[in-house]
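In the two assemblies presented below, chain A is common to both, partnered first by chain B and then by chain C.
Take a look at the complex of A and B:
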C-alpha cells in the first residue's frame, strides 16, 4: 500500500522554506528576469535592426521577446531548483535519516521540488500579465489561456524528466567527491541545445537533426513552443510520447543509481 | 617592500597547497576542465549560430565578435581560477563564525579570504581560453599587433578585478542579511550582460552597465582596444572603475567587520 499522506506536509514545509528569505528570494527572481530580458532585448534589437527584417525564422522582434520571457520563466518549471541538495546530503551523511523514514527518497525530493515550482508558476503568470500589459500580445504567436495552461502542463512533465536526470547525476556523489560540475555541464549544454539561449529554429538543419537525439529539445524547447501556441494537438501527442519515454528511462536510471549507491553508502558520506 | 614580499610568499604557499589538493580530487579535476570546455563551446556556438542570420551585431562582425568572446572566456577563466572557490564558501564562513580564525591571523583578512584557494584545474582552462584567443586572432585580419594584444590581456585582468570586486561586495552583504547563500549568485546572474557586446546597449541601461554596475566594460572595452582605434578614454574609464571598486570593497569590508560578532552575527 503506497502512503501519500506525507506529501502535503512535505510540500507545505518546503513552500515555507522557499520563501523564508523573502527579500533575497524576490530580488533574485526580479534580477534574473530583468537581466535575461535586457540581454535578449538589446541583442535581438541589434540583429533585427541590422537585417531590416520584420521576421527571422518565423519570429517577429515582438514574438522573440515573448519566446525569451517563456524561456526564462518556463525553465524554472523545468530545471531543478533544489540542485546540489541530494549530493550534499550524501557528503554530509544526513542522507541516513531518509533511509530510516518510511517513504521513498526520490519521491520526497520531487515533492520538495514541486513546492518551488508552484511559486515559479505564480511568477510566470504574474510576469506574463505584466509583459502583455507593457507590450501587448505578439501578432505572430498564438498565446492564449489554453496555450499557457498547456505550456505549464508540458513544462511540469518535462520538469519530472529533468529532475530524474539531475538526481541520477547528483547520486554519482556516492562514488565521487564532487558532482556539481556534472550538473553545470547539463545546464550549459541544455541551455544551448534545448533552445533556452536562442530558438532552435535558428540552428542549421544538420544541427537540428543531431540535437533531436538528445532529450533537450523535448524537455526545454517544446514547452516554450506550447506556451507560444505553436503546437498542434497531433504534434503535442508525439512530443509528449517522447517525453514519456524519457521519463520512464530516466526514472529507471535514477532508481538503479540509487539502489547501487545506497549499497555503497556508509552513513558518513564518502 | 618587506610586507609585499611576505604577501607574495604567502600566495606562493596558497598555490602550492591548492595544486596538491587539486590532484587529490582527480574526478573533480578532470570534470571541471570538461565543464569549462563545454561552457566555451556553448559560448562560441551561440554567436556562430547568431551570425548565420546576421552580419553585424553591435557594430562588430563575426571575427571581431570572436575576439570579444575569447575575452570574456579569459575573464571567466581568471575568475574561476583565482577567486571563485574562495567566494563560494564565504557566506558559510561568515555565518558559522569560522571567520574568527581568519581575523586573528597576522595578515589582511580580505587578502586571505579572497585568494587562499587557487583552482589548479581551472588554470588549465585559462590556457584553453588563451587558445581560443589565439584562434580568434588567427581569423582576424589585419593582425592588431603584439602591443595591442598585451594591452588587451592587461585590460581583461583589470576586468576580472572589477568582476571580483562586485562579486565580493555582493557576498559581503551576508554580514547584514545572514542568509545562507549570499548574493554572489546575483552577480553571476547579471554577468550575462558582460557576455554581450556593449555596442548593443543604449540609453539608461547603457549608463547603468558602464558606470554603476559596469558589467558591459569587463570584456567589451578590452575588445575595443583590438577592434577599434586606440582610445585613452576607454583605458582611463576601465582603470578608474577598477580603482573605485577596489576602494569601495575595502571600505565595505572594514564596515562589515565592525558589524561582525562571530557565529551569533
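Take a look at the complex of A and C:
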C-alpha cells in the first residue's frame, strides 16, 4: 500500500531548502532568464530584420519572444532541476539512508523535485506578468489564463516523464562511476529535439517525422504550444495520451533499473 | 531474532595501474578483482542481546552489518532478522530496525535536527504522543535540546552523532546496528555515547550489534563478542571467556621493597622453569607465567624477593583480540 503522509513533509522541507539558499536561488533564476531572453531577442531580431518578413513559420517577432519565454521558464517545470543528485548519492554511499527508511525512493525524489517545480511555476507567472507589462500579449498567439493553466498541467505531466528518464540514467551510477555525460547528452539532445533551442516548426519535414519517435516533442515542445494557446482539445488529448504511455514505460524502466542496481550497491563511498 | 546461515558476500571491482599508461590501458581493457568480504558466516542473536563485532579494517564487519540491515545483497547464504529477509527491504522490516554509521551521516545536512526528526516521524508513522515522549527522553539523555534548531552541518561531530542516535531510535527499533558510533569523538563524547547506549538498552531491550575499534566500547557494552578475520568468524562467545580460552599466561607483578631488596642484593634469578622475567629493576619485577604454574611462581617470588605487593593479572583482552585479529593465536 502506498503511504502519503510523508509527502507533504518532504515537499515542505525541500521547499524550505530551496528558498533558504536565497543568493543561489535569485542569481540562478535571473541569470538564466535574462541570458536566454537576451540571446533570443538579438538572434531573432537579426533574423527578422534580414528576412524582412512579418512572420516566420507562423511566429511574429513578438510571438517568438513569448515562445522563448515559455521555453526558458516552462522547461524548469519539465527538466529535472537537480540533475546529478541521485548518481552522487549512489557514488558517495549516502543512498544508504533511503534503503533504510520505509519509503519508496523514486517517489521520495519526485516529491522533492515537485517542491522545486512549485517555485518554477511562481517564477513563470511572475516573468509572464512582467513580459506582458513590457511587451503586451502577442497578437499571433492565443495566450490566456486557461492556456497558461493547461501549459502548467501539461508541463507537470511531461516533468514526470523527464524525471523518470533522468532517474533511470542517473541510476546507471550503480554500474558506472560517472553518468554526467549521459545526463548532459539528454539535456542537450532533448533540448534540441524537443524544441527548446528552436521551435520544431523550423525543422525540415523529414526531421520532424523522425523526432516524433522520441518522447522529446511531447515532453518539451508540446507544453510550450499549450502555453501559447496553439493546442485544440483533440490534439491535447492525443498528446496527453502519448505522454501517459511514456510515463508508464519510463516508470517501469526506472523501477527495473532501481531493482537491478540496488543488488549491486555496496554502500561504500566518501 | 537474528539468524545467519553460511552468509557470503564478494565484491567485484576493477583496478588500474598507476600513471598515464595505466589509465590508457584501462580505457580499453579493465582488470577485475574480487574481494571475498564474508566467507560463509553463521550466527544467532537473541532478543535484547548486544553483540560486539570486532575485527581489523576490511575484515568484513561493516559488510555483515550492511547485509543484516538490508543495504546490500549477499552472494549466497541466508539471513532472517525479525522474521524477514533483510535485503528484500519490506517496510515492516525497515520500521523495526535502525542503523547508525559513525562514518556516514544519514540526516539531511541542510536541515535543523528537529525538521529531520519531524520528517522521520512521518516516514516511520510514529504516533504524536510517542514521538514527543521519545524526543524528550532522547534529547534529555544526550543533552542536545539546545541544538535541535541548528542545521546538522553546523553541529560538532559529537553533537551530530548524538542527533544521528536520536534519529535512529525515535521509532523504538527492535534491532539496532551501531557501526563505529564513537569513531573520531573525543573521550568525553565517547563516554556520553557509551553511557547513553547502555541506558537505552537497559530500558528498551533491543538487540544490538556493535562494531568498534575502541576496546572500551566493546568492554563496556558487550557481553558477547564475535571476532572476524578475513571474512570468517574466529571467535564467537562471551567476552569474559576469551581470556580463559586464548590467554595461556598470566602476568605476575611484584612491587619490591627497595631497601630490603637492596640488602638482598640483585637477588638470584627467578626460576626459569616457572616463568619468563619480562621486566626487572630494584623496585619491580614482572613475570609471564603459564596459568597452571601461577601458585608456584607466586610462592617463589615471595620467598626469593622482598615483595611489598603482588598482583596477578590476566593478559589484556585488547591484546588477545589483536592477536586473534592478526592470526597470532589459534
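Basically, the second predicted complex is superposed on the first by the 268 of 270 C-alpha atoms of A that agree within 3 Å, B and C clash if a C-alpha of one lies under 4 Å from a C-alpha of the other, contacts with A are read in each partner's own complex, and residues count from 1 in each chain.
Convention: contacts are C-beta pairs under 8 Å (C-beta built on N, C-alpha and C of every residue); 3 or more make two chains touch, one makes a residue touch a chain.
Model, not experiment: these values are computed from the prediction.
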Touching partner for A:35 - first (chain B), second (chain C), both, neither: first
Which superposed partner A:99 touches (first chain B, second chain C, both, neither): second
When both partners are placed on the shared chain, which of chain B and chain C touches more of chain A: B
Partner chain in contact with A:263 - chain B first, chain C second, else both or neither: second
Touching partner for A:10 - first (chain B), second (chain C), both, neither: second
Touching partner for A:27 - first (chain B), second (chain C), both, neither: first
Set of chain A residues, in rising order, touched by both chain B and chain C: none
Chain C - residues contacting chain A, complex: 11, 66, 69-73, 89, 91-92, 94-95, 97-99, 101, 104-106, 108, 110-111, 115, 118-120, 122-125
Residue ranges of chain A touching chain B (in the complex, touch as defined): 21, 23-24, 27-28, 31-32, 35-36, 38-39, 42-43, 45-47, 50-51, 56-57, 176-178, 181-182, 184-185, 188-189, 191-192, 197-198, 202-204, 207
Chain A residues within the chain C interface of the complex: 3, 5-6, 9-10, 13, 16-17, 20, 93-94, 96-97, 99-103, 262-263, 265-267, 269
Chain A partner contacts - residues on chain B that touch it in the complex: 25, 27-28, 31-32, 34-35, 38-39, 42, 45-46, 49-50, 52-58, 177, 179-181, 183, 185-186, 189-190, 192-193, 195-196, 199-202, 205
